[in-house]
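Pasting the structures in now, so scroll down.
Both complexes shown next keep chain A, but they swap its partner, so chain B is in the first and chain C is in the second.
Presenting the complex of A and B:
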């Protein structure tokens, strides 16, 4: 009995093993079951759309009257001055990334120290980020138009030589759009960096102070290196934004004008695809934009993976 | 441990049950949703006739949407089985929305489109059913300017109103500049002389806006026309028939050189490029500009701001020497048509005809100041001297609005930005013409079917 019972006892774990494996196997697969609906939706929404966009890029005409043109749309893009100009405008806007990053970081470091009204200040900084694009477009068009509010202010300040038609001059329009992007994205940067700074252990900063580090050294040697990964993430995110999500700024402020001078790739795609109904050239433009954005998306993923490894 | 194990399993089982129940509920809800949607559609489809009307007109005639909404209310009261849903469109969506709707063959039963090619190109592609299939000839004989939307003997769209584009001047500012306030410039030389005098007195001669490209497009419509002997010169040039395109481009260069001269001389407000056409126009009622090219409706509205006795109207000064230089610039501007996929064409046409009843046309004029495109409208009802002058301009002689005769893609991609090149000072007339040439080629490549249909239409083959 005793031996039998021992044997039963000793067998129990072995008998339980297949059940555990089954459960584990079940547990390995059921999360995918839950994810399946989302994956199917994503597959249909993005996968199908992507395949269709690539497919349409080899056609001319509108849906219903498509004509196969092979790679002609891509060759057209390579020689189309509007597309080339639009692409360069996207690249020009990349200059806003270091400006937003440096400004946002500087502000985040300054407001990192608790002082009266810091929360309200942070909220005010974040406000532009949540403003509707139409309100922003209207406000800035009144502010920046020739003889507008800004020009009137410059006149009053006796610096009339600085007056420009900020939105109507092809030489200035990209600076104006860049300025609006910096203004709106700044709040987002401040919030991201502030959150990262709050996560830095207070003991680290305290230890540095005990070792005699002054304010500047704490910022430079302790805080900034601690949030390095977040800064990298923010830079790449901003680069992706100015490459592929600046349509709203251009549409509401200038409509791509004057004479295409402020057009960006997205605007080019919109104009050809939706206004002209030329689905082929718009799709080819979208493929080119996707390829360019993919470089930055790959960089972004690489930074995320590296950050995850560091955390582990 | 032993005691915990069953409870963990029990919890896991409970979770599984809850998950299953939630999943079943979700699927059931989705199923219910899918089941409900067609039921709602069927209910509305079986009980009433629904007419979906994508309407545009407010930009041309302030108050137009309100007038239309009131007519719909009246019509629905008289015809309880008909429901009309009005979907106002904007300048930026009027063409693209219908293009998208055409691709899916869903959307409006009745659509408003700008006259001639924005209407006729979709018509040539089978997206518009001729309204003459549903409206009697005797009724249509009262409609004005139907020629703008006619191919062969088929009338594709119904006009609602006519707008003319006069040159308006501020008499007070003319006096200030030492000019005769009662005589507007008739020739180009007179116009330039007036501009010079006004500028000399610190008054902006011409108040316009081109941020949206429409000042340039209006200069094309008014002044490119004055070089041409016939509209065919334009349409065949666009269709690239023989050497017609080279001739068209040469004439465009001449027109842009004239526009460039106006800008360089400082005769147009300096911020023309950062104001939309509507914003630029506001300089006139604010007495910040002495002249403007505008619509009848705006003239009447501005007269209220600056005083009717201070406003003068005349034809745009003659600059070109082509046969069309003597024509005026009236158009029905926009028109109403039946979408080919509509299942309620007869009902929609009946409603459109209702809009042309004399009572409605009189109301249109009274409520908005617009001149109805119907000869049953009693013109004697117009008592205001300024309105009379405008009506006289609109209805005397031949009229052409050249912008109507270029494909919408060429209008938005060549006509509008080419003018911006000039008004922003960033491009020469040669650059503007090069842009036209490039966009004409691009349209031919990108819209081969549309181009072929256009060419057939332009050459009458």
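Presenting the complex of A and C:
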């Protein structure tokens, strides 16, 4: 078997360590066969869709009767207050990113020692992250509705002035949706940061302690800088999530209401494409979303590749 | 001082735990009440628990069909994506073909693409393939969405496998598929379970694609059905909460027993 002998390659590529010496090696053909199935599926789901979504964004009309309209869809988006508002709502949700990050980091630092129940607490905090947003959104819709459970609790606690129609008031609704997002993402952050903190060498912390650093200084000068890369990465990931994966919360909690005030880009695309049948507008909206998301995806790639280089 | 700090920590964690669990508890306790009991006392304990809402959900809703659909969509897309991703990751790590590093890096980028951006073209494609209202439509889409993370996950895992293991098999003249099957797979069990769980959570919980592609009652997944019936039954809180509780039950039970797989898998993307 000729391929068997060439495979005895001590220069097998490690994480992102390509191309230096392998150029001299004979190219193999079998890997293409092994990669073919995913290439086909990725080609259809991503490749085809990327091309077609741009294509459809220059057309108007519904399935079967599409007409070329040039950039009219984009011009319409730019002047459609509903789209602008939806985009703005996605940006508003970015407020959850620092909240989740700071809270998760604080909790992770707090439980960064062995004490009774630490694993159970972590397991409980992580649970919301795995639960379906559809079902939990239903639960929250009853908790947060006007005169709902939260309002009843606020009355009992004698802070009745805080009572709101959390989902029914245009000025509060994005905060409420953001609150549910924080509820679901927090445990993820705690677990991610906890794992990163565990990986910080104990000697580093010990050395600082011997030099007389107190608890607060150890956290701020030693631990947080040590896990800086993970924090950066987490922040970018959360930003991508609130920009492009919050449809379920909006659909279940408010249906975009009241009167479009909680619509986000995904919801706008869904409504135009599949409730109003404007394929072109929906596609143009999707392209705008992709362009915005790609800024964050580029950041995310940069952080990821840099991290891979660090660990090499 | 240390003592005070410990109490403060325990107290904070108890409050956080209550906040984390309360929406689930509210779901269960409401599901166990009659409509009148709920209206009279929404937050109280279900003092006279009833299974009536659960029996009603099974009797009046096509919830068993939805569950079966969710199960089929999840099982098929997870199995296909896992198998073909293992093959691709094996080729990326142990083969030498031009473009494998490009494939790996593109997958990292694809992991972050919002599914909604692909929705219109995929819908048009499914319409022309006459697959709307049929499970294969979502299965194809989900398989595609699962691949990038799966490849990323397996490539990182395979790169940790000692080279000697693989080399020894090749010296013995084993063909590639045998190396994959009898060297790589036997040591990939725990990782594969982890990945399968992560992917299954994604598909089971997914709403947007299911909502758009599956519009007939007999083809809906559990989440799509739940979201649709929300509008119809919004004033019957206990009934809706019973259905919602059924939808979170499988994952919650799995989580209680296999917690470490969930945690390891869902945070795997945060490494390197």
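The definition used in the following text is that the second predicted complex is superposed on the first by the 278 of 312 C-alpha atoms of A that agree within 3 Å, B and C clash if a C-alpha of one lies under 4 Å from a C-alpha of the other, contacts with A are read in each partner's own complex, and residues count from 1 in each chain.
Methods note: contacts are C-beta pairs under 8 Å (C-beta built on N, C-alpha and C of every residue); 3 or more make two chains touch, one makes a residue touch a chain.
Everything numeric in this text was worked out from a predicted model, so none of it was measured.
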Which partner, chain B or chain C, touches more chain A residues: C
Partner chain(s) touched by A:259 [first = chain B, second = chain C, both, neither]: first
Which superposed partner A:158 touches (first chain B, second chain C, both, neither): neither
Touching partner for A:127 - first (chain B), second (chain C), both, neither: second
First, second, both or neither for A:67, with chain B first and chain C second: first
Which of chain B and chain C A:274 touches, first, second, both or neither: both
Partner chain(s) touched by A:138 [first = chain B, second = chain C, both, neither]: second
Contact residues common to both interfaces of chain A (with chain B and with chain C): 63, 141, 148, 274
Complex contacts: residues of chain B adjacent to chain A: 92, 95-96, 99-100, 102-103, 125, 210-213, 270-275, 279, 408-409, 412-413, 416-418, 420-421, 423-424, 426-427, 435, 438, 442-443, 445-450
Complex interface listing, chain A residues touching chain B: 60-65, 67, 69, 72, 76, 80-81, 141, 144-148, 165-171, 254-255, 257-261, 271-272, 274-278, 280-281
Complex interface listing, chain A residues touching chain C: 1, 3-10, 12-16, 18-19, 22, 25-35, 37-39, 41-42, 44-46, 48-53, 56, 63, 107, 110-111, 115, 117, 121, 123-136, 138-143, 148-149, 152-153, 183, 186-188, 191-192, 195-196, 230, 233-234, 237, 240, 243-245, 247-248, 251-252, 265-266, 269-270, 273-274, 279, 282-283, 286-287, 289-290, 293, 296-297, 300-301, 304-305, 307-308, 311
Contact set on chain C toward chain A in their complex: 6, 9-10, 12-13, 16-17, 19-21, 23-24, 26-27, 30, 42-43, 81, 84-85, 87-88, 90-98, 100-101, 103, 105, 108-110, 112-125, 127, 140-141, 143-145, 147-148, 151, 156, 159, 163, 166-167, 170-171, 173-176, 201, 204-205, 207-208, 211-212, 223, 226-227, 230, 237, 240-241, 244-245, 247-248, 251-252, 255, 259, 262-263, 266-267, 269-270, 272
